[in-house]
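Okay, so chain A shows up in both of these, paired with chain B first and chain C after.
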Partner chain A sequence: MVPEGPETRPGARGGAHAPVPGDADEPLLAPADADELLLWALMARFERLALDRYVALAPALADAGDGAKRAWVARLDALPTDAAALAASPLAPPTDALLARARSADETAVLLVQGLVLEHLGQAIYRIAEGTERASDASRSLARDGLAASRAVTAAAARRTADAVGSGEDLYRTFTDHTHGVLGALDALADPVDAVFGARFGLRFADVMGEFVADLVAAGTALGMQRRKIVAHLAGACMGL
Partner chain B sequence: MSGGAGDGAILITGGSGFLGALAAAKALAETEATVVLPVREPHTRESVLGPIATELAAEGRPVTDAVLARAVVVPLPPPERIAELAPEMKRLGVRDVLHCAGCLSYFNLGKLQEGNLDLTAGLLALGRAIDARRFVFLSTAYSAGFTDQLIPEALHEAYGDDPTDYTRTKREAEWLVARSGVPYVIVRPSIVIGDSRDGRYGGKPYGIYQLWTAGERYLGNGYPPVLHVVAGDQPVNFVHQDAFKDGFWAAYAKLEDGAVVHLVSRDDALPTMRDLWELWLATHGGPSEVHFFKRLDDVPDADVAAQVRMWLDFTAINNEIASVRWKFARARLDALRAGGLALTDASLATVRIAQERFVADSPKLQAFIARYREQGATTPRFVVHPDRSLERG
Partner chain C sequence: MSTTYGDLRGARDAAQTGSRATRHEAPPEQAVAALMGLAIFGEKVAARTYVAMAEIRDEHAELLRKFAGMEARHGASFLAASRANGVEPDREFADGELGYLIEQVDRYSAERDFDALAILQGFIVESLAIATYEPFLAIADRYPGATEAFSTALADERFHVDWITRYLRLRYFDRTGEFLGLAERVNVQGIDCVGGTLMNIAGHLDQVGLSGADCAAGMLDGYAALLEDVGLEQRAALKNVTTLFAPLLVRYQRERAG
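For the complex of A and B:
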């Protein structure tokens, strides 16, 4: 039985976080900066759901890279994140809506929704976070590790997808059917992401989407789907068509 | 009048969508007929009638209980069971079927099969069962596929490569209609854009709205100093939604059985994609340079940021369609015009009205434009790059 709301497990730290010093133009960074912790609280919700789905329905992905995803989720769980702060942020409603559409109920859905779409979305976020000099060293290091763990999963997901779902037009049809909903839920994150992380990290939704789409298209074509068709699906789903 | 247009009830599919709702509003405004709107869940009577009432009000038509009571919303069965509606449709007095529903997915073969082919076949079966007087099928002007020849107002015996599977399934559905034995008219609109008078647009972000919406979402934080744009130099055929509404109705009411009509604007004043870009950037300010390319393959990957590349990718198919000179035969539309149909052709000036409305309806774009102007945004320098496909042969 799937535990209810695995991605909503509260972080280790409770209560309100301290205000971040600095001014609007050049905010000062702190190792345990509240906005950085908000990012990791957000990522933890996605990663916990992913691991839960892998364990339940696609164990090869949970075990990929010597259990890299398990270790990554454990590391996120150990951070002093503040679930209450995330729940009170504008990120919460669109995140809830997106994760509600990502509760994959069978292996095919897990492979395509978590193993392909959301892992590549995570990789885009981790890459941008790793590369921004406006984040603390601790956060950049975390992003590097998250990226490595995710890459281990996507490699395994690609192999398993080819075996279990197929390739070419059959895969495309299954991919579009399973991923339209979750892709359509992404757009609601645009304004909250820009508001919370844009000025702070330079982590903007459009940048994330640009990296994400490029990765996902490359991954999809490697699986035998036509680039033109993947792009058309992403454009339609992401723009509410 | 060859069709009925109000003598008897009218069944209109796609009432929960953009063009079907326009047709339904027109039917309620122009006739005293019962208008039957079959829809699927999750649509409800309220959700279907809302946009129709809005359109009636925008036209200055009364939106009374009596008017709305003439709209009868019924559940739409799966395609293979649509003919089972026949007894109820006969009881309601349905004589004509205006089939405006369809699937606009570009490549989802399953949905296109169901939404464009199976649904049409089911409705044709219903049309036969009720001995329909007229079946109007809403197709697309692009059902001929890519061609540099004049596209006839006739069924396509020959056709070019299809831009998408959508155009192919629309062409195949036209043949289903023509071979059904039900008296028919086929209407092929080009790219529908907002109302020519106030720019209002009730559709999803297709056509030029895809370009604008993608720009709003993915370029709305700031332009790169140099923006790479795929924009052809051929006129793009838009048809305003008011022209669509009036033209569609005139085709239904006045054309002879078996007629195919292109519901398109005259070429004289149509803008090119480059015109549209220059209009946007000259109005709102932009990056220091804009480089125009005719094809996506010509854009240098290394010079383009990921989000710009995504925006180019997302709009690539529409840009590809817009890069071709489509030549639509217009004799039937011209005849309707000669008979009194007044249509506003799309031009740069009328597209500007739609653009202004789009910006006015977007707080995000307005904030971006204001911020950009504060930063001293000016009209960029435009650089046109040659068509490299000619070099590649």
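For the complex of A and C:
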């Protein structure tokens, strides 16, 4: 059962903006490819919640890159994804649990949970999907565009975080307080991701985590947080401590 | 790279069936006995590994035999400190942890794969030692004789790491891609093995007043930094090490949750 929320409603808030039409030569995603559509249905849930939170609490992120995230969500909404198939998959329970911890209620939480952690997690997934030859050209093209939209947001999020939350040790304390719950919920996705996408795309949880941690550490140190402390926070949260 | 840890995890699981139950709920005395057992017998394995490396490369044999002697002395000083505090090291626990490592060392030795041994012993195993000895020094004064034993060992391990780093930098100068391939090959079993041991002692580390999570981060980040010192980019090093650590972290959380 998928709980009702902004991430489950196509076109929620940001969807008021018209989708950016794809290139005329862009490959089309075949509706018959259920595994690929499942990936995009999953990403759509994360992206809708992110956009909803940006519009409500961090408008600079919603507007970043000329509204890149709005256009990206609209594009995901236009795909022939099947929400029921996602809800019936083993991905649904851990995704529900993770997103329940990501309903950020203020700008600081949005900047750190969505703008830093989940955007970089999404980038890791997009990067792997873009690079795998086992995905269709259409999915690889989508992944490339999702990555570009996310990068526009993380650049804006870094600037806004430095201005609104701070940097260095102060930021680290706020970062750990706000992100422990979300990071601690990632482990439940490991088996479902490997089972659903591992053989099909070569998209495995461990590979996603490798990409994610490498990027998050780089983003965190750019904001003045200590590398070792970021790794310790990630390790502790992933160990359930 | 794609992970191929499934089969290797199975090998480790079989070797360590007996150690899981003690991981989170052991009383402090049992935790100290397990940690000292691992430290003492782990140093003996380290000595054995440096001897194996000396037998492969004549030009470095004299120095590597000195390293082996230093590791053996660490084991002896840890045993003396252990006995001085009435702690009987848990050999059974140590054997369960070290068997998987010894198998990998023996395989590389038989193949005369010096560079793989250099990474396994000089980087991965030494990173585990440093990641635990360093924070332990903050509480070592609770155990008479432990501060001197562990501070000497820590300084020696850093010396070994420095030499291995210089060796690998020279050998793989301008051949970073080849070094990455070597590291990836060794890491698949090496991190599963040695990182898995760290996960298995994380609860014990918490019990004696350290942080298992901080030690895990120390090993993960410390080892990645060593790969960077040889020439890998930060992103490549962190990505590869984390990819192989991630299943261990996930498994720890699940087993802890029961």
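Here is the rule we use: the second predicted complex is superposed on the first by the 214 of 241 C-alpha atoms of A that agree within 3 Å, B and C clash if a C-alpha of one lies under 4 Å from a C-alpha of the other, contacts with A are read in each partner's own complex, and residues count from 1 in each chain.
Note that a contact is a pair of C-beta atoms (placed from the backbone, for glycine too) under 8 Å apart; a residue touches a chain by one contact, two chains touch by 3 or more.
Quick caveat: nothing in here was measured; it's all calculated off a predicted structure.
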(request) Record, for the superposition on chain A, whether partners chain B and chain C clash or fit. (result) clash
(request) Scan A:130 for contacts with chain B and chain C and give back first, second, both or neither. (result) neither
(request) Considering only the touch criterion stated at the top, classify A:145 as touching first (chain B), second (chain C), both, or neither. (result) neither
(request) Identify the partner contact of A:77: answer first if only chain B is touched, second if only chain C is, both if each is, neither if none is. (result) neither
(message) By the touch definition at the top of the document, which applies to A:96: first (chain B), second (chain C), both, or neither?
(response) neither
(request) Pick one for A:218: touches chain B only (first), chain C only (second), both, or neither. (result) second
(message) Is A:231 touching anything from chain B or chain C once the two structures are fitted on A? First, second, both or neither.
(response) both
(message) Just checking: does A:172 make contact with chain B only, chain C only, both, or neither of them? Give me first, second, both or neither.
(response) first
(message) If I apply the document's touch criterion, which positions on chain A are contacted by chain B in one structure and by chain C in the other?
(response) 187, 190, 204, 206-207, 209-211, 213-214, 217, 228, 231-232, 234-236, 238-241
(request) Sort out for me which residues of chain A touch chain C in the complex. (result) 184, 187, 190, 202, 204-207, 209-211, 213-215, 217-218, 227-228, 231-232, 234-236, 238-241
(request) Would you mind writing out the residues of chain B in touch with chain A in their complex? (result) 104-110, 164, 204-206, 210, 213-214, 217-221, 305-310, 313-317, 364
(request) Could you please specify the touching residues of chain C with respect to chain A in the complex? (result) 1-3, 5, 199, 202, 211-214, 216-218, 220-221, 234-236, 238-247, 249-250, 252-254, 256-257
(message) For a test of understanding, state which residues of chain A touch chain B in their complex under the given definition.
(response) 169, 172-173, 176-177, 187, 190-191, 194, 198, 204, 206-207, 209-211, 213-214, 217, 228-229, 231-236, 238-241
